[in-house]
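Step one of this worksheet: look at the structure below.
Letters A, B and C name the chains as they come in the text, with residue numbers starting at 1 for each one.
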Amino acid sequence: MRARVRRALQDTALGRAVWRTTDGMRSSRRRAVAAVDDWEAKRERARQIRAHTLDHLDYYLTMLAQRVRALGGHVFFADTAQDAVDYVLDVARRHGVRSVVKSKSMVSEEIELNAHLARAGITAVETDLGEYIVQLGNDRPSHLIAPAMHKNRSQIAQLFSQVAGEALPDDAPSLNAFARRTLRQKFLEADMGITGCNFAVAETGTLVLVTNEGNGRMVTALPRIQVTLMGMERVVPTMDDLDALLDVLARSATGQKMSSYTTLTQGPRRAGEPDGPEELHLVIVDNGRSNMLGGEFQEALQCIRCSACQNVCPVFQHVGGHAYGWVYGGPIGAVITPLLRDLDQWGELAEASSLCGACTEVCPVKIPLHDLLIGLRRETARRGQAPRPYPAVFRVWRRVMADARRWERGLKALQLLQRPLVRDGRWRWAPPPVSDWLAHRALPAVAPQSFRQWWRAQRGMGR
Amino acid sequence: MGTLRVSLFVTCLVDAFFPSVGQSTVELLERLGVQVDFPMQQTCCGQPAFNSGFADEARAVAATLLDAFADSEYVVAPSGSCVAMIRHYFPQLFAGTPRAAEAESLAQRTYELCEFITERLQITDVGATFPARVTYHASCHATRGLGIKEPPLRLLEAVRGLELVDLPYAEDCCGFGGTFAVKFADLSAAMGAKKAGHVESTGADVLTGLDMSCLMHLRGLMERRGRGPRVMHVAEILNSRGGAASGRAS
Amino acid sequence: MNRDFQRQARDSSPAVERGQPDAREERFLAKLRAKLKDRPKAPHPGPRPVPGAAAGDVDGLVTRFSQELAAVGGRAERCRTPEQLAARLAAVCREAGVRTIALEADPRWDQPRWQPWRRALDKAGCELLRPGDGPSPREIAAAADAGLTIADFAIADTGTIGQWTGTGRSRVISLLPLVHLVLLPAGSLVATRAVVMGRMEAAAAQQGWPSQVVFITGPSRTGDIEGALTVGVHGPGQVHVFIVDVESGEDGN
């Protein structure tokens, strides 16, 4: 992550774009939340619903699958990314699918579905405007709900102009009009629509999509086959619970009271209805989520992907989502990426946090994100994978600090040893890792008389 | 109310680098009629190791505080961060060990300095005089961790001659973050530079706060930038009786 | 709030294709059960009381609804008579450059109490495109300047209108054209989403849920290009709601 962070910090255009997006979104969120009388009660209810559901996940997923099937839908449980991909490809092949339109799905990013579809000769088009931009740029989303925040207007105009075969003006309305025209055609032609899933209601077999652009509606109205990819944790028990979560989702995300479109889908189209999919498939995906279930990190599965933690995170605000190296950025990404994938390889993400707690403060389902980051660091250290030289540093530190007499002797030693290295009360040189501090900031010398030396001199031996 | 007895937890950082903050804390509390002692067994709350994932090391060091403050009625520290460590994480750190009850007990008896003055002593005017334009850095562990937002502001507002100016984006982290400051030094510095920019925009003569860790980081950055206000701990301002010149920059 | 919820499930595919429970699924769920075996179970907070519909104050709801919709970039106005509707519709269409309107094949148009309002549409000075024996709703909607639907419910608190699917009713009349015109019976307006959800749940207990329910709150929008708010991304860029004082009575079919 270090190299990616360094690159991101050098990219001043990126820094400005990320700051603008996140600062705008967190201000909107703050206003929206301030306008709600019982926000804390709403958060607490949302948390309770999510915690309860996860503790009974097998029960609610069984119920959901039953209901969806009773409504005429198909349900498939995918343990791995490969299982999910194979199932979607199989459905596509059976129906001779040539073209696919997609509304936003982070699960499909996880399983790299577009690449697999392409290899099978199927064209998949992202229809969320930001995701479309990201797809044209052969890129990855850099934010949960503003996936193309890292691209500026002229970069977007360039990408669109390549598709158009002519130079397009770079104002937002023109670019938007081009996207509308181009993607409209894709919607009308597509054989299959693939969606994500904001929530699924177990009791009613409802699949819920929340969008602002309306692409979620397009994808569930026009193609004859609908495939919905759902992270297995997205289920909620009842419609009332859904309502409680909708209360907190849009406000936490963009500060809207409700997003432009909230779609509740109960099975495929019925007899006598002129449109909607003839066939509906729900793919319930694990892909590493069960690593978190039942353990100290289960709370991370409460996440409803609102992006509030990203928008307030000072690290994310400086480096954006790509620096996290995979699909999910920001505090939630730093927690779940190592758990979904591999702690040994991704544990470093948990180090890239000042533990300021801003994420925990805004999370609408009260995930203790900064505590989970500490938990990951603990787990990494337990495996002997903590970054060097810290295991050694803290072994020495413990030896000195666990005994006040050693600490006092240590202070005296430092007062002597630092002399050649200190000028005007500031360190001029220090060994690693302190040298990394000095690379950016001044560091004061150890005081010639420590507090405890002063106390001893002034007040005797203390108690 | 009889004389309150308080044990000072000075924190390792103040002990080694900023003794004047500890001295100011002692003098301030004594001036407010509190009897202060300093148990010598104390070293550090263990937070650096705890936050880095080294729980055993943290526990061994944190135990020095359980020993030092076993008999203290109140423990007061000039740091939001270290108090947050004791209040929130000591019970977790010692859970399931023979010292669990001691950790719970210490968590309940420990206060951040400003919180102690406004909430235990019920004082907002400590009789200080400090003619300067001051802005206040709300450190994360004090505000979010302990919920201490108003006490330091009330205390500073009551200081004679002091003009308190709002810091834009006050709730944003300064980027210190313990070992984060060296593990991701460039990122930490970038966060600090943004904070320093906000601080400079206030035109304040002095930047103050509850935590010397954040302040050391910010002052270190501003020294390298060659501009920015003086940096002082709140205790030093609250202990000032004369002109700004008499308040020693830590 | 009667609805055209059809309960019969489509059942054309063989069981295996439908992905009936199989050994894989059993293994998947057993894995979750094993993980959760020793975990203390968090209780469910319980259902919230279903709020009763506040009787009476239609004017208050209309005002609130109009304000909230305006705040998200839509417009609402009240038309107490079919004549008013005809005049206002004509004006709105002129202003928006709407010449053709795709009309949803809503069974309500055939009800006597809706007839005067239906006739008012003919006087708006636009060509009405109706799905029937000829082109499909999607073809009509894709070609029309505007789509006109009757809302099934509306929420004053958020400026939201809602529609559900049913026999003959299309998902795309309210979606494909750049302008969405909505007739909202004043009596269908309630204060909060919780009221709507409660009513829908009560109705669903009798009739099941429709295949789709859509909550529409203002125009289609995005901030994906440098955070600039842009409307009409995929769906309508304009949402215009005419709150009509249609006689109360049997809604739906």
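Basically, a contact is a pair of C-beta atoms (placed from the backbone, for glycine too) under 8 Å apart; a residue touches a chain by one contact, two chains touch by 3 or more.
Note that the structure is predicted; figures quoted are calculated from it, not measured.
**Student:** Centre of all protein Cα atoms: which chain's centre is nearest to it?
**Tutor:** Smallest offset from the overall C-alpha mean is found for A.
**Student:** With chain centres set to the mean of the C-alpha atoms, which chain is at the far end from chain B?
**Tutor:** Farthest chain from chain B, going by C-alpha centroids: C.
**Student:** Calculate how many whole Å lie between the centre of chain A and the centre of chain C, each centre taken as the average of the chain's C-alpha atoms.
**Tutor:** The computed centroid separation for chain A versus chain C comes out at 31 Å.
**Student:** For chain B and chain C, let me know how many angstrom lie between their CA-based centres, rounded off.
**Tutor:** Centre-to-centre distance between chain B and chain C: 55 Å.
**Student:** In their complex, what parts of chain B are in touch with chain A?
**Tutor:** On the chain B side, the touching residues are 7, 10, 12, 14-19, 22-23, 26, 37-44, 46, 48-57, 60-61, 63-64, 68, 140-141, 144-145, 171-173, 175-192, 194, 216-217, 219-221, 223-224.
**Student:** In the complex formed with chain A, which residues of chain C make contact?
**Tutor:** Chain C reaches chain A through residues 6, 8-11, 13, 17-21, 24-25, 27-33, 35-45, 47-48, 68, 72, 105, 131, 136-138, 142, 157-158, 160, 165-172, 175-176, 193-194, 197, 200-201, 204, 208-228, 230, 232-236.
**Student:** Please name which positions on chain A make contact with chain C in the complex.
**Tutor:** Residue positions touching the partner: 17, 20-21, 24, 45, 48-49, 51-52, 54-58, 61-62, 65, 69-72, 74-77, 79, 127-130, 133, 146-149, 152-153, 156, 172-173, 175-176, 179-180, 183-184, 187-188, 204, 206, 212-215, 217-218, 220-222, 232, 237-240, 242-244, 246, 254, 256-276, 278-279, 281, 284, 286, 290, 293-295, 298.
**Student:** State the interface residues of chain A toward chain B in the complex, per the touch definition above.
**Tutor:** 2, 5-6, 9, 314-315, 318-319, 351-358, 360-361, 374, 376-382, 386-387, 390-391, 394-395, 397-398, 401-404, 407, 411, 414, 426, 433-434, 436-437, 439-447, 449-456, 459, 461-463
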